[in-house]
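Here it is, the structure in full.
Going by the order they are written in, the chains are A, B, C, D, E and F; count residues from 1 in each one.
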Amino acid sequence: MLLQLSTWQETEAYLKQSTGIIIPIGSTEQHGPMGFIGTDAICPQRVAEELSNRTDIMVAPTLHYGMSQHHLEFPGSVTLRPTTLIAMIKDIIYSLARHGFTHFYFLNGHGGNVDSLKAAFSEIYSEASLNAESSPLHCSIVGWYEGKRVSALEEKYFGDANGSHATPSELSLSFYVHPEAAKSAKMDPEIPPEGDFRDAADYRKQYPDGRIGSNSGLATAEIGAELCEGAVEDVMESYQEFLS
Amino acid sequence: MLLQLSTWQETEAYLKQSTGIIIPIGSTEQHGPMGFIGTDAICPQRVAEELSNRTDIMVAPTLHYGMSQHHLEFPGSVTLRPTTLIAMIKDIIYSLARHGFTHFYFLNGHGGNVDSLKAAFSEIYSEASLNAESSPLHCSIVGWYEGKRVSALEEKYFGDANGSHATPSELSLSFYVHPEAAKSAKMDPEIPPEGDFRDAADYRKQYPDGRIGSNSGLATAEIGAELCEGAVEDVMESYQEFLS
Amino acid sequence: MLLQLSTWQETEAYLKQSTGIIIPIGSTEQHGPMGFIGTDAICPQRVAEELSNRTDIMVAPTLHYGMSQHHLEFPGSVTLRPTTLIAMIKDIIYSLARHGFTHFYFLNGHGGNVDSLKAAFSEIYSEASLNAESSPLHCSIVGWYEGKRVSALEEKYFGDANGSHATPSELSLSFYVHPEAAKSAKMDPEIPPEGDFRDAADYRKQYPDGRIGSNSGLATAEIGAELCEGAVEDVMESYQEFLS
Amino acid sequence: MLLQLSTWQETEAYLKQSTGIIIPIGSTEQHGPMGFIGTDAICPQRVAEELSNRTDIMVAPTLHYGMSQHHLEFPGSVTLRPTTLIAMIKDIIYSLARHGFTHFYFLNGHGGNVDSLKAAFSEIYSEASLNAESSPLHCSIVGWYEGKRVSALEEKYFGDANGSHATPSELSLSFYVHPEAAKSAKMDPEIPPEGDFRDAADYRKQYPDGRIGSNSGLATAEIGAELCEGAVEDVMESYQEFLS
Amino acid sequence: MLLQLSTWQETEAYLKQSTGIIIPIGSTEQHGPMGFIGTDAICPQRVAEELSNRTDIMVAPTLHYGMSQHHLEFPGSVTLRPTTLIAMIKDIIYSLARHGFTHFYFLNGHGGNVDSLKAAFSEIYSEASLNAESSPLHCSIVGWYEGKRVSALEEKYFGDANGSHATPSELSLSFYVHPEAAKSAKMDPEIPPEGDFRDAADYRKQYPDGRIGSNSGLATAEIGAELCEGAVEDVMESYQEFLS
Amino acid sequence: MLLQLSTWQETEAYLKQSTGIIIPIGSTEQHGPMGFIGTDAICPQRVAEELSNRTDIMVAPTLHYGMSQHHLEFPGSVTLRPTTLIAMIKDIIYSLARHGFTHFYFLNGHGGNVDSLKAAFSEIYSEASLNAESSPLHCSIVGWYEGKRVSALEEKYFGDANGSHATPSELSLSFYVHPEAAKSAKMDPEIPPEGDFRDAADYRKQYPDGRIGSNSGLATAEIGAELCEGAVEDVMESYQEFLS
């Protein structure tokens, strides 16, 4: 059930049987020479929509912009500052909580969002804790790629070449979603270095084409279909556990 | 050209021929007994995507959440506070400006966003003005429904029954985009009152089913197709004028 | 009745018969070669004081500083950022609301304030809406020049030469209030161009002497007296309608 | 020279001979059974205007609202939170600094403003200090009542009955400015207690009619005239010293 | 009783007999050629710890960073902006207030903290005052050097050579606490000038070695022992008065 | 080398040989029936001071307050909100960066600080990235308990009974530092449950005496001495790697 395509009466009815919601969150940032700038939003959105098709879980509209400061040397990348992201997440959670939602499961496509979202959750909990109130809210952020099925598929198809940014795994899933836009490019080197980074200048200096440790060239829409299926099952399990 | 489906290299190439971008912005809020909660995002997103298909204009990912405090008595509605929205818009514009974008055309689906976005633009201009700098940035927010073609179609099909919230015009366009989810419901009364409102409690008291002055029941996907075509042409003209 | 010249006991008594208040808001910004930098505050303050003389309406002290970033290339202009203005308006409204005031009518002299004040009102309503409370507050911003009597006088005396900044209309009213300081200057060109603007550098480039579309030279204190009378009547009607 | 009644060209000319400005700041708060709610703004505004009449010192429009949280149990009192006041002062100083003003002399009528203004000055200096820049800005806040002439007059006319809030001194000056609105009331007790206070509830409990240690009933417009003269001379000296 | 070395059960027990707490606050800033950068934290911490040893007064962990923007031209100095300090103080007070603490006595070592802390207290009181609530909180900031015993010792040992920054008084106390780190240096000139300052560049220009009016060279650990004893007695009196 | 006990000249000299600094950060929060409320600050402070004794590494004064909202149902616990902590960390880093420090190693004693500190680092990097500047700053947060030596000792002495809050490991270290205050108490149950938590009410409900999965009763000062030694070596390695 997609919040976007529901009426308020349908949402009211949904709340009588569940107070949980999945909110896809991604980013708008470079994903190397072959990857979509929207990869991190496309992936969790599709996984969530599939889940919504098969179950009665409510899925909220996607948050397309995240914390991506380190990608700003690559054209098209957009960042929200952590404090902006915290303010945005607070407003969204408080709005939905006002209707009776209690379980907020952010299905994430971008590691860079995690600290800010967890800080936002703590900011929300802080208000209850400082006011000596007991908050009914449960907040969680989980990557679509964190479950065992997706991990197994990544290991099977890509092994060490999956890397950590512009991975063939996320590109495969995004190509499965948008085969009409799938791209290819020569990867040079095939597998770039891994490592940490600081600001955008540092990132670009270390990772000139944007990839970290990943051979994006291994991505295919076919593998993406398998990854999607695995992710849907992984997330369904994780979400059920979150609710209980 | 969709930023979401582009690579950073394609974005870099785009910037050599244009520094303008269209950013669809909507909201997540009730649209009466028949309307999608995502109506205000679905409409400008579709108009922008059509425009992108026919031209070389870059379109950014959609902002699905807006300033909708007055709808919070209806389940599923979400608001960003004006100050949150201002912070978010600033970060997005400054990020894109860093790559060389200069013309930011927010294609809007929700009147409630206008004040906050204009305040955000002034906040951005203030920094240049206080620093005695000349800003290269041009910021604009335009509703997809503001042009002459859409107005003529609204007048032709709905006349006074179009109203100002949950209008048959916006519902038609959203049904054209999502015919699989189009809904119908008895409108009672057929045309509810018009008027101002304050907070969510006041809004709901005055407009119990969420509509303001609109007979949503007149919406059809067929009219939506015409409205889409009209809006694409209206917006293309408006955007070209904005660039020049 | 002027809040500034009242005691708290008189204010307490006033609140038993009315919970409405008029708060003049202007700006401190250039008004061309002949206009006072304080024009936008002088005008609504005088209209409000006249109204206060003739009725029992409470008038608060004037807010002399507004959102004027676009004038900062002209010496003496001062801006509050939109977010500062929002914070200020919130504190003032919440303070007065604490005493029982419910209807806040900002009598405005400067178009640049409107977005920020409306955003402030939405920020205030958001708190009630997010907390599922029903706010007793009614907030409005109306320009002293918006009513039919003032419009008719502007049309009669200035027609197309009124323009939109440093208008002979507002200068006339301010000269009526401060005849001792009334100025004259050669207008060159007589009527400068109209149009939009962005930051202060852009504004000054387009409007080198500060006027937009206005022939300030037509201003006289005599017309100002008529405008004042018209504005008082316009605002009285508008305020009564707001209260009811 | 009043900024409010100047043109931008006149301000530009002023800046060639001086870069100092006096900004009156007061508050909107109860002043006991006889005192105007606007007392704290009326007094420094009048002293500044007198100074402006006799010299070429630029005086900015008055800030009528200050930090008055402790008066909020008395109808009509308005407070800006310290952080709001800090934001407002920063914007005003940065705006004027952009034109070349360097010396900002806030002529104060309300002790409650002092901490917030000094914090605002430190906030401004912090930006320069953290950026390893040398700021040209000089910021000062001085009460109109701090000089030796005013102190002597207070001692002469009121002695220990002057107290510290709703003093006969400030009431006298405000009655001199607005004799048409001067009030009288029975003071009971004649001299209320002195002491500290915390929030508004605490203040009202300790000082039920709003006065702290003052016999407001001694106020006269005649003494006000003398106080005004003394204050003008005190402030002129203090301002000259500040400039040098 | 040190909060840092207590359990929560011991704190719970303490709250049954007292709801007051002493919170040492200092700064991290240069103190001339002989003074520790931590002088302003070391001194109140030691005085508070001594007090805690002799009585049952609860002492909280020390705040080592304060508002020191004016020292930033000297390596090692750190500042919190006033608005940051306000936010920090608010969180600490609200946290402790939630457990039942009502009396917050900040024992201060640095004059530069005073405005910001008083602004923080007003910000806290503002919330109660705007909400028409009666706050149980009592907040105070007192320098360890403000009492009569310390003043007498300063007069006795240093007289006019005490000055106002990097004073032999504070250095003596810090040397008494950390004799292993006590330093000496030639003071040139013996007594530097006194006066005001603005930002860090201005401060360093006026006071090249960091001292203001003080002959740091007079500092000895022996005098420090006497000062500590005097301060403990001064603060004990002041704290008891604050509680009552 | 302790910043607190250095002069500015010594700091200036230090910066010629190194631009790195260690900043201990802890929290003020309950640590079960036997643990000090200051445990999380005491531990990293001691490890850092030992390190400073043996090497020439600069150590800054300890941050005693952290993000501890979940402990607020236990008396004495204090939290900074994530956004407050972000502001504080930014000011401290920017202050030290102004003097030439480039490598900021926060030696942490409390897991709850991590998200907020990483968000603060991203906020700092965002400014450089949005301004298209290359930041010289390197920021890191590492727990004193994260290295292999400490892990081995925890495994050796406590195994599964170490748990994750009020661990015998951290208590041992704090007892080693403050043997005079070491406490004992009956642990009931010996090992409480492990798990996640949300706000303070949820935490206390799940962990009534404050411990998570830990048998605090195993703590001894003797083991603390070994842990300290292990931590010093672990951190020395980690810091050297960070610098290079």
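Note that contacts are C-beta pairs under 8 Å (C-beta built on N, C-alpha and C of every residue); 3 or more make two chains touch, one makes a residue touch a chain.
Values in this document were obtained by computation on a predicted structure and should not be read as measured data.
Asks: Would you kindly count the fewest steps from chain A to chain D, each step being a jump to a chain that touches the current one?
Replies: 2
Asks: Quickly list, by label, the chains bordering both chain B and chain E.
Replies: A, C, D, F
Asks: Taking mean CA positions as centres, which chain lies farthest from chain A?
Replies: Computed centres place D farthest from chain A.
Asks: When the contacting C-beta pairs are counted for B-D and for A-F, which pair yields the higher total?
Replies: Ranking B-D and A-F by C-beta contacts puts A-F first.
Asks: I'd like the angle of the rotation relating chain D and chain E after CA superposition, in degrees, nearest 5.
Replies: For the C-alpha superposition of chain D onto chain E, the angle is 180 degrees.
Asks: Quick one: point me to the chain whose Cα centre is farthest from that of chain E.
Replies: Relative to chain E, the chain whose C-alpha centre sits farthest away is B.
Asks: Take the average of all CA coordinates in chain B, do the same for chain F, and state the distance between these two points in whole angstrom.
Replies: It comes to 47 Å between the two C-alpha centres.
Asks: Please compute the C-alpha centroid of chain C, do the same for chain D, then give the distance between them in whole Å.
Replies: The computed centroid separation for chain C versus chain D comes out at 24 Å.
Asks: Distance from the CA centroid of chain C to that of chain F, rounded to the nearest Å?
Replies: 54
Asks: In chain E, what residues contact two or more other chains?
Replies: 72, 79, 81, 83, 91, 95, 98, 129-130, 132
Asks: In graph terms, nodes being chains and edges touches, is this line, ring, star, complete or other?
Replies: Per interface graph, the chains form some other shape.
Asks: On the basis of the stated criterion, which chains touch which? Give every pair.
Replies: A-B, A-C, A-E, A-F, B-C, B-D, B-F, C-D, C-E, D-E, D-F, E-F
Asks: Touching chain E in the complex: which residues of chain F?
Replies: Residues of chain F touching chain E: 2-9, 11-12, 15, 28, 30-38, 41-42, 60-65, 72, 74-81, 83-84, 87-88, 90-92, 95-96, 98-100, 178, 181, 183, 185, 210.
Asks: In the complex of these two chains, what residues of chain B are touching chain C?
Replies: Interface residues on the chain B side: 67, 69-70, 72-73, 79, 81-83, 86, 112, 114-116, 118-120, 122-123, 125-126, 128-130, 132-135, 137-139, 198-202.
Asks: In their complex, what parts of chain F are in touch with chain B?
Replies: 129-132
Asks: Help me check something: in the complex, which residues belonging to chain F touch chain D?
Replies: 91, 94-95, 98
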